[in-house]
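Structures for review follow.
Two complexes follow with chain A in common, the first pairing it with chain B and the second with chain C.
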Partner chain A sequence: MDHAHRPGGWTVAAAWMVAIYLVLPISIVIPVSLTDQRFLSLPQEALSLRHYATVLGSEAWLGSIWQSFLIAVAATVIAVVAGTLCAIGCWRLSRRSTELVRAMMLLPIIIPSIVYAVGLYRYFAKIDLLDRFLGVAIAHGVTGIPYVVITVSTALAAFDPRLEQAARGMGASLSQTLRWVILPRIAPGIVSGAIFAFIHSWDELVIVLFIASRDVFTLPRRIWDGINENLDPAMAAVAVLLVVFTLGLLLLDLALRKRRDA
Partner chain B sequence: MRRQDAGWWLLILPAFLLMTAFYIAPIAQVLAISFTEPSPGLGNYERLFTSESVQRVIVTTLRICTITTALALLLGYVLAYRIALANEAARRWWILAVLVPLWISVLVRAFAWVTLLRRQGLVNNALMETGLITEPLQLVWNEFGIIVGMVHYMVPYAVLPLLASMREIDPRLLAAARGLGAPRFTIFRRIFLPLSLPGLIAAGVLVFIFSLGFYITPAILGGGKTLMVAEWIGLQILDLIRWGLGTMMATVLVVAILATLAVFSRVVDLKRVFGTGA
Partner chain C sequence: MSGTGHALALRGLTKRYGSFTAVDSVSLKVERGEFLTLLGPSGSGKTTILMCIAGFVAPTEGAVLLDGADITPLPPERRDFGMVFQGYALFPHMTVAENVAFPLRVRKLGAAEREAKVKAALDLVQLGRFADRLPRQLSGGQQQRVALARALVFDPALLLLDEPLSALDKKLRAELQEELKALHRRVGRTFVNVTHDQEEALSLSDRVAILNHGKLVQEGPPAHLYEHPRTRFVADFLGKSNFLHGTVQESVPEGFVIGAGTTRIVQSVAENRRPAHGSPVLLSLRPEKIALLNEDDAADNVVTGRIAAWSYLGAGYTLVVETPDLGALRVALPTWQAPIAPGEGLPVRLGWSSTASVPVVEDVA
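On to the complex of A and B.
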């Protein structure tokens, strides 16, 4: 006789409702983006790709997409290099002071970005980094560090520290140990962290609203203006492109994890 | 031994310097400005007790965050419960339903809700066509819209810590209770719920502190009429150029969040909240 505890019918129905609430509103942008009308609506007579054509034919949108991409790449490099090295150092030293360092690295997740954005607005004005590619890349890179620290620390938790000691014992230098023993073993964790840091920068809006205005006009910034000014179906097309892109990155992460676990 | 460690400390250095120069310093400056502008002293903080508009923003924020946390916990619990008891194959699909919204841009989600809920939106149109209502309902650009969007954003954050603590529950306990003839609800109330309580508290803390500083969703779905703390701060700095007031509220926000964390760090393991691996 099977005594396993299973959820009752009502619970299952309620769980389905919650799942639908989570997923359905996001998927609604797909039919809306294919509308043949000039305003936000479901397709009336036929499906149309004209709103995609509008977006992909617009220099402003393409420029923002390209700029966001470059910023996200630069920010990811900063976050991955700093975050990975820091996580390894904290893991190896593992004492009270490194616990504090690790807590400090998590601050960008805990403290609301509005607080950081306001501070940075004033701070960057003084050192002339407002509305600059470098300024936004640094801000996104620094706030991306926590994602890398978390994923790399998780990967390190599964790493046998005796391997490192053995390598050092046989005379490997620190950089040799890093390159040939530690980094290859935690590579999947680093890639996960890189993907999350990339998505973080790619989607980030609050900081950009404060420290960028004209020369740096990222994709989220353009979407924000679009939502506040004119709600046209081109926005839905952009939304779909963004969702597809994010889903692609997530699937990549899942596939990599599966390969690692296999 | 000490000299050997120097190399490892060097690894920490780049992140430490970056963080200090480009994260801690700007935030420290926010704290400093709140005490120095427009004039040195506690003048800005006095407004907490004297200004009605400051108090109104705080009350609105606390009310919305409390409602959001309660709803997100309820919905998240139902979902996590289902996932925890699902078999391996089904579990993967359910988790995907949680992870996908988690990583979709917050802007895209707010935009989707506007599409659905505005006056000529899909929900109002559908209701009008079926004849259930004759006038469009005011579903967005008010507190209702904000809460719908915020709960939608927060449910995945509630599910993850809940699920982590539910999966630690030994299924044999539940099977034993069932074998002894306990009805399903009794098993839930007497065994499952108490054992999942740490996850519930962790999820509540996480959702509440994330909600406190929320900017984009309330700004888009509130339509400028219902102001929460984050949007109010932005308004003070960008439009009204009242740095003192804006940074004062930012400081209050940070202190409120850190205080919440400090209080609950005695009750729950914070590593459970932020999932720091080791």
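On to the complex of A and C.
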């Protein structure tokens, strides 16, 4: 790649503009979260950590963070188990019908989440899952499946089918082959999918607005309510914490990918 | 040590994919402890046959028999065959020792016994020192030996090899051929090998089965196939060959004489295999069986021509000699036997004995 064409000046400028456009709205919350004022604003006289102290000292905020975390963990487990099994099944059978199944698995990210949420609301009302931990976990888990199906399918596409043949040729049963050969090989894909599924649940708002009200009060929901009701800079502090946590997960994913490719 | 292996037989094995016939009614026997090679160009069906034996491909018709018992319906994991895959298919996330231990782990052997067997298998291929390495830390030849150890560690009924040496460079290939042959002698098991490399087939095997277009063309010990090819394809695929066309003109005590233009060629054959007078005949003549004659040398068959092209190969020369009646003849000549350095356009006399060539038949498509 030493002799690859170097990008021209305009291309570089355009690339930077896009990058800034993507990052700027996120970075604005950082100075706002450090404001010394009592309302949502840029710092006036000094930088202050008081709003971080408010968040970390507030039972309501901490409760929401904990609840969001638990829901995200449960949703991730659901998405990873269902998504991985689906991807492996489609890969093993590999027929025209499995292509259809794989496409259907992507529906949750294709359909507008508000449409999805309305449907869930009516459906969950009937089976008494509204405003329940289990209900939100299931909803987030199911909508997280596409991420796992995509990453695991990608990992399987790179999996050498002769390894499976080799395992079976040496007498391994399907479950032994799965446990000892296939799963270890596609583990990085599963972890990637899990991270995305986790992030998906962690910052999901639309569905929560519909199917949860009082008992289940996730972090994005509390930020949403906070913005609607008062302009407390604590929200900016939470937003920064949220971004940092998500960024951490993405970096973890990047590191894992790098290790796999090495 | 032969006799500890198992005998394999294919009976009318056929595999069709839609209207395409990949394997066409192949029947074949592999004796206990024998090293059999399935040889053919790509698309000849040799790999499909191996996959049928391994159980990964279900034949459309016919049966695979192990010691006389029909194993056709058995899935691969119940056949107990060792297999070395093309590209080895070592598990990249396991160390060498873990790779070799895999078939034992599947069979739920105790840790102590497992360790002892893995050690013995790695010693067999001289890789004991590399037990804790990952496959990617090994050279191609070492990976190949790990694959062999893994395939042999559980005392399989049969060892199947799918182009085991094709990924290696030429020199290493020759080295591992020797090793593979020695290994076969040591373990005394039945080996079934697949290759498109005729040299490998000749040097390794007790018996070679030559396939083309899914059909078994000829089988036998390497030397027999080389010296007595039945068809044009076998003569051409196994080594190189010149083909002489002519019609039978007369019978002589040792065989018959064919005419091609004004040239007469004497061919010896057994009494009972003489073709009818006037019938067309095709002879296969190996390049190394043609000698360059001096003015006064005699031979059963002598033709003259001019050198059209030549190449120097170190140990020998290859000449292409243009002759008036027989077309271009390829001649392989050891360097020490070449009377002079060849040159284009040089006139030469070529000679060969009546037993040097063999009549072959054209292959039916």
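Convention: the second predicted complex is superposed on the first by the 251 of 262 C-alpha atoms of A that agree within 3 Å, B and C clash if a C-alpha of one lies under 4 Å from a C-alpha of the other, contacts with A are read in each partner's own complex, and residues count from 1 in each chain.
The working rule: a contact is a pair of C-beta atoms (placed from the backbone, for glycine too) under 8 Å apart; a residue touches a chain by one contact, two chains touch by 3 or more.
What you see is a predicted model, and the numbers here were worked out from it, not measured in a lab.
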Superposed partners chain B and chain C on chain A - clash or fit: fit
Which superposed partner A:I88 touches (first chain B, second chain C, both, neither): first
Chain B versus chain C as contact partner of A:V29, first or second or both or neither: first
Touching partner for A:L205 - first (chain B), second (chain C), both, neither: first
Touching partner for A:A172 - first (chain B), second (chain C), both, neither: second
First (chain B), second (chain C), both or neither touched by A:L163: second
Touch count on chain A, higher of chain B and chain C: B
Chain B versus chain C as contact partner of A:V73, first or second or both or neither: neither
First, second, both or neither for A:L100, with chain B first and chain C second: neither
Least Cα gap, in Å, left between chain B and chain C after the two complexes are fitted on chain A: 8
Partner chain A, residues of chain C touching it in the complex: 54-56, 75-78, 80-83, 85-87, 89-93, 102-103, 105-107, 150-151, 154
Chain A residues touching chain B - in the complex, by the definition given at the top: 3-8, 11-12, 14-15, 18-19, 21-23, 25-26, 28-29, 32, 39-42, 78, 81-83, 85-86, 88-93, 98, 101-102, 104-123, 138-139, 141-143, 145, 149-150, 153-157, 174, 199, 203, 205-206, 209-210, 220, 223-224, 227-228, 231, 235-236, 239, 242-243, 246-247, 249-250
Residues of chain A touching chain C in the complex: 160, 162-163, 165-173, 176, 180-181, 184-185
Residue numbers on chain B that touch chain A, as the complex places them: 5, 7-12, 14-16, 18-19, 22-30, 33, 75-76, 78-79, 81-83, 85, 94, 97-101, 103-116, 118, 120-122, 152, 155-156, 171, 174-179, 184-185, 187, 192, 209, 212-216, 220, 230, 233-234, 237-238, 243, 246-247, 250, 253-254, 257-258, 261, 274-278
